[in-house]
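Below are two complexes that have subunit A in common, paired first with subunit B and then with subunit C.
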Partner chain A sequence: MSAHRSLSWLFTLGLLATLPVAFAGGIRGTGDLGLVIERTTGSVRILETSGNRFLARVEGLGDLSHASVVYSRDQRYAYVFGRDGGLTRVDMLEARVDRRVVQAGNSIGGAISQDGSLVAVSNYEPGGVRVFDAATLEPVADLPATFGDGRRSKVVGLVDAPGNRFVFSLWEAGEIRVADLSDRANIVVTRYEGIGVNPYDALVTPDGRYYIAGLFGEPGLAVLDLWHPGEGVRRILSDYGPGDEPLPVYKMPHLEGWAVAGGRAFVPAVGAHELLVVDLESWDPVARIPLQGQPVFAIARPDGRHVWVNFALPDNDRVQVIDTESLAVVSELEPGPGVLHMEFEPRGEEVWLSVRDENRVLVYDTDSLAVLTELEAATPSGIFFTARAHRTGL
Partner chain B sequence: MTRRIPYLLALAFSFAMAVPVAAALEPERERALGNLLVHDCGSCHGTRLRGGLGPPLTPDRMRHLPRDWIVDAILDGRRGTAMPPWRALLTPEDAAWLARSLQSGVVE
Partner chain C sequence: MSAHRSLSWLFTLGLLATLPVAFAGGIRGTGDLGLVIERTTGSVRILETSGNRFLARVEGLGDLSHASVVYSRDQRYAYVFGRDGGLTRVDMLEARVDRRVVQAGNSIGGAISQDGSLVAVSNYEPGGVRVFDAATLEPVADLPATFGDGRRSKVVGLVDAPGNRFVFSLWEAGEIRVADLSDRANIVVTRYEGIGVNPYDALVTPDGRYYIAGLFGEPGLAVLDLWHPGEGVRRILSDYGPGDEPLPVYKMPHLEGWAVAGGRAFVPAVGAHELLVVDLESWDPVARIPLQGQPVFAIARPDGRHVWVNFALPDNDRVQVIDTESLAVVSELEPGPGVLHMEFEPRGEEVWLSVRDENRVLVYDTDSLAVLTELEAATPSGIFFTARAHRTGL
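What follows is the complex of A and B.
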């Protein structure tokens, strides 16, 4: 081999090493990509759902316990929200950290605006929401969650809503706030006080109309109709508490990715082994489905036929599948200890599941329930596909 | 930063080392408790125990609290707050091991 040829080989190898995802297999799209959070190593794996494989690993993202991800509308960039206040923009094609800021001491999640130009982060410490330019991560707005005599509240349940609004809840203050950022120079924040004790998480319905906060400190949920925000917040399912002997809650349920199917919503109960079913027209309870443990996530398969549920300790080694017509548990899986998250492929034929304590990610066929692929990852937690880029509230 | 994995292993290991053998738990149980502390306590207190929905459980804070008080907080939870009682999943010996680990300074 001539010196010239080996040089060009070296050059090619160099390209492969620096641009692993984009060019390893030629020019490619990003619609079938996603990330798995490796929570204790501060890294993420870039995955591909077409091949059911990992393409690359990106390191240096800080403390990723409870990390979550949103995507730019071109599905090229992931915004990863870390526990340590880190906001990292990951380039999915070049498989590298594109930009990173540490914007607070302790944060819990984030959202991207309807027009894709703003990223907001909800912070525990200092309590509030900070908003950044999605392209540069330059600060745009600081919305402290001040209440009462000037204390600051932890912020939970931050989502995007139509009209370039961000909606969020205040854990200590028992408030919902709507920040309208349609005009960056004139940001308007509307407060809804007394919505209930300790909202712990929230979601916006897929159409962007209803913002729904779950309450930890009392039974029920708080609902704000974003088409008619002037009507204020109403309470639903207030009679649906866990009863006089609530079970210890070892892990807060998550409402994001709340299952909506057939005009009904499937909500994890707090402190009870139940999934609550609510009619989305009347907001009346339809049923309570008994489960094997305390639900954490209840996520609908994209066709709405099934809802998959995972659990808090000591039942966090299994998953139950509920039929949304019969409202019965139709299958039970035991993926292994520490099932933390489930992400359906956009058309629902497969689901990815992280099994933290076995350092594994499993891909299931959602019909046969067979395990199709097993991948190794370091303490995997959240799994997020780029298809989220085009969905309100995710 | 691949250095983090050995760091965590060292962390789990030093939990085991830091504890006097008085309440001798099986090494496997200690490993499970180290894992529980990082991940499951960590889901509210942060995997580095620097705080989240629950307050930081760092040794600089934990050292000032009586160990029995911490054990009680773990076993019985804190009424009217999100801190759950762990009695159904943990024995008093487990809780004592966790309390010692929190105070012993290996978390920082």
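What follows is the complex of A and C.
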């Protein structure tokens, strides 16, 4: 039978539409898709949250030992930022690498602009931000993190903000910078110097208003109000910092996952066994919640009623659940060694956890805390759902 | 040429994948799709917000004179609730009616459960809520709004809430009811009686916590805290109500569109030319913002910085934009006669408006307020984007 005849036959059976999408039964919606990073194999698993299953594996993404993901506004394409400077555009429907560039020697994360047209990557080496066209991955802008006598700083805490802006922090320079790319031909970068010693990560609140950088070298956090950027950067929580907790830091917290719920932010403390709670209107500290280990991620369930926290070694086999009203730990889970990340389904009914050292991904019911599904994956780390496409700062 | 040969030829050119999706170039993401209701022709336009264009028209949806839409969790299917009791499942990718039932004589809206498995419809005639399997549209439950001596009440303000609950209000009965469908075999309905005279619509806050019903027959609003349902319903804004504004009501406001921004709700007043602002923590009134007409929808831009308001006759040709910090009107637009609805793109950079009496849909840049795109549609009313699939209460 010729290839043409064979295809005709398949079409007659209504099967042809499945061919381009090897894994998923052809044409399908993309609202319930996501990726799990397999950190040691340079691969990702494409997943579906409606059926709680993996659909495909895509390989050839380079060093994914500290990888993150953003999505195109149509939720078809994932942009995977690898540690080796690789920026890979994955077609979620055809389960393949669509485009890939190695744009720097050592990178730490990325963001996609409000309108979905630009992807930015923050680099350690050479220090700066590079911006690419989201459709073609052609370079659009290079924003070197030059400071002082011409040195370049590592860049951390890169996020998107309304107005096609990208906001980021400079580790060695102690700066926050805002790059306005609303006009590609006239990019404006505003520098905020002296914001504090060694900003190590940052987040933007879900409304895109406040950019908050954590400081490793001195007490407090640095806050920039993006509605009023002319007012400059102010310091909050100045009584919290490296001085008052002598514990060694086993793993730096990730701030992009900071939880905002009920007008408060829940902030993992650096090195300390606690979660800091701060009021987002007054910026006053509300409470310090004792935890059983050094927190890494603190992530709010989408309804804001609970915050889930995972930990650095030696407590990275467990998770604590905080009630945002009582500010008490209400549940403890032991998913297994190497709980690296958690991702809630968009309306919060289930949460996916990666358990790296057991090569497993677990899906929990967030109400009963029962394990609903267990999936095998190779050293899973970050989990990212397509619903992020519609949110600011994720 | 035989049909088979013709298909083979198309496939050789790489075009065959477009066949099942008549409009959209084959396999594609669904994150940037949406629908516009064409209210007098029983049809909907499928749209794409990345290219700001219509992709297809789907007909045969019955009476859409007061229609609304929710989406499946994979964002492939739209559930369109028609005024005639029709519930239609539209396949957004194949641009066709997938399933359709006429489930009542007169219905007013619907909701989809947190897990996406159930679709509920609120009916005027016969008064009550009917629940259907989201995949098959087979009936799952019938919840008649029976009260007093066996009469049935019209049902309004139906929303979803976490825990696969549906919450709704009874116009004649003056009740709020919470139906817990987390176990289909054991549906529990909790009644809150005497909540006020003639609740006319309601909303749930974006976190799914507070259900707020507007009252037509007496002052104030009724609030139920779904985190603490045992505490019952309380009244807020008791100094606001039908007594203190003698204006006739040209159109009842829609409450599902109430804006929540910066810890405050922006509530269209019934019959009065003003927007009520209430603090969501204390429930105290914050301000009354004077408007140029009777508000219908008050909708927050996704970043919460502005609230857009449209109006009843004779002011339904314009829109006012409120700044949520200064609480002042900062812009006025005149899109044209019959501005019926507004829908923001998920990250807020653009907004779509329907201008019914000119058979136009306009897309505005929400920063410059420039009109970016103008599209023709037949008496357009509601506009609904697939991003709603990931949000509670929409």
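Methods note: the second predicted complex is superposed on the first by the 365 of 394 C-alpha atoms of A that agree within 3 Å, B and C clash if a C-alpha of one lies under 4 Å from a C-alpha of the other, contacts with A are read in each partner's own complex, and residues count from 1 in each chain.
Following the convention adopted for this analysis, a contact is a pair of C-beta atoms (placed from the backbone, for glycine too) under 8 Å apart; a residue touches a chain by one contact, two chains touch by 3 or more.
Nothing here was measured: the structure is a model prediction, and the numbers come from that model.
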Original post:
Of the two partner chains, subunit B (first) and subunit C (second), which one does A:Trp227 touch, if any: first, second, both, or neither?
Top reply: second
**OP:** Please indicate which partner A:Arg39 is in contact with in the superposed arrangement: first for subunit B, second for subunit C, both, or neither.
**Re:** first
**OP:** Go through the superposed model and pick first if A:Ser238 touches only subunit B, second if only subunit C, both, or neither.
**Re:** neither
**OP:** Pick one for A:Ser331: touches subunit B only (first), subunit C only (second), both, or neither.
**Re:** neither
Original post:
Touching A:Asn198, do we find subunit B (first), subunit C (second), both, or neither?
Top reply: first
Original post:
By residue count, is subunit A touched more by subunit B or by subunit C?
Top reply: C
**OP:** For A:Gly304, decide between first (touching subunit B), second (touching subunit C), both and neither.
**Re:** second
Original post:
After superposition on the shared chain, which partner residues are touched by A:Asp63: those of subunit B (first), subunit C (second), both, or neither?
Top reply: first
**OP:** Report, in rising order, the residues of subunit A that make contact with subunit B in one complex and with subunit C in the other.
**Re:** none
Subject >> Contact set on subunit C toward subunit A in their complex >> reply: 4-5, 7-8, 11-12, 16-17, 20-21, 26-32, 48-50, 71-77, 92-94, 114-116, 162-164, 207-209, 227, 261-263, 281, 302-305, 325, 346-349, 367, 386-387, 389-392
**OP:** Show which residues of subunit B lie in contact with subunit A when the two form their complex.
**Re:** 1-2, 4-5, 8, 35, 38-40, 42-44, 46-48, 50-53, 77, 82, 84-86, 88-89
Original post:
Within the complex, which stretch of subunit A touches subunit B?
Top reply: 39-43, 59-60, 63, 65-66, 83-84, 106, 108, 124-125, 154, 171, 198, 200, 216, 248-252, 313-314, 338, 356-357, 378-379
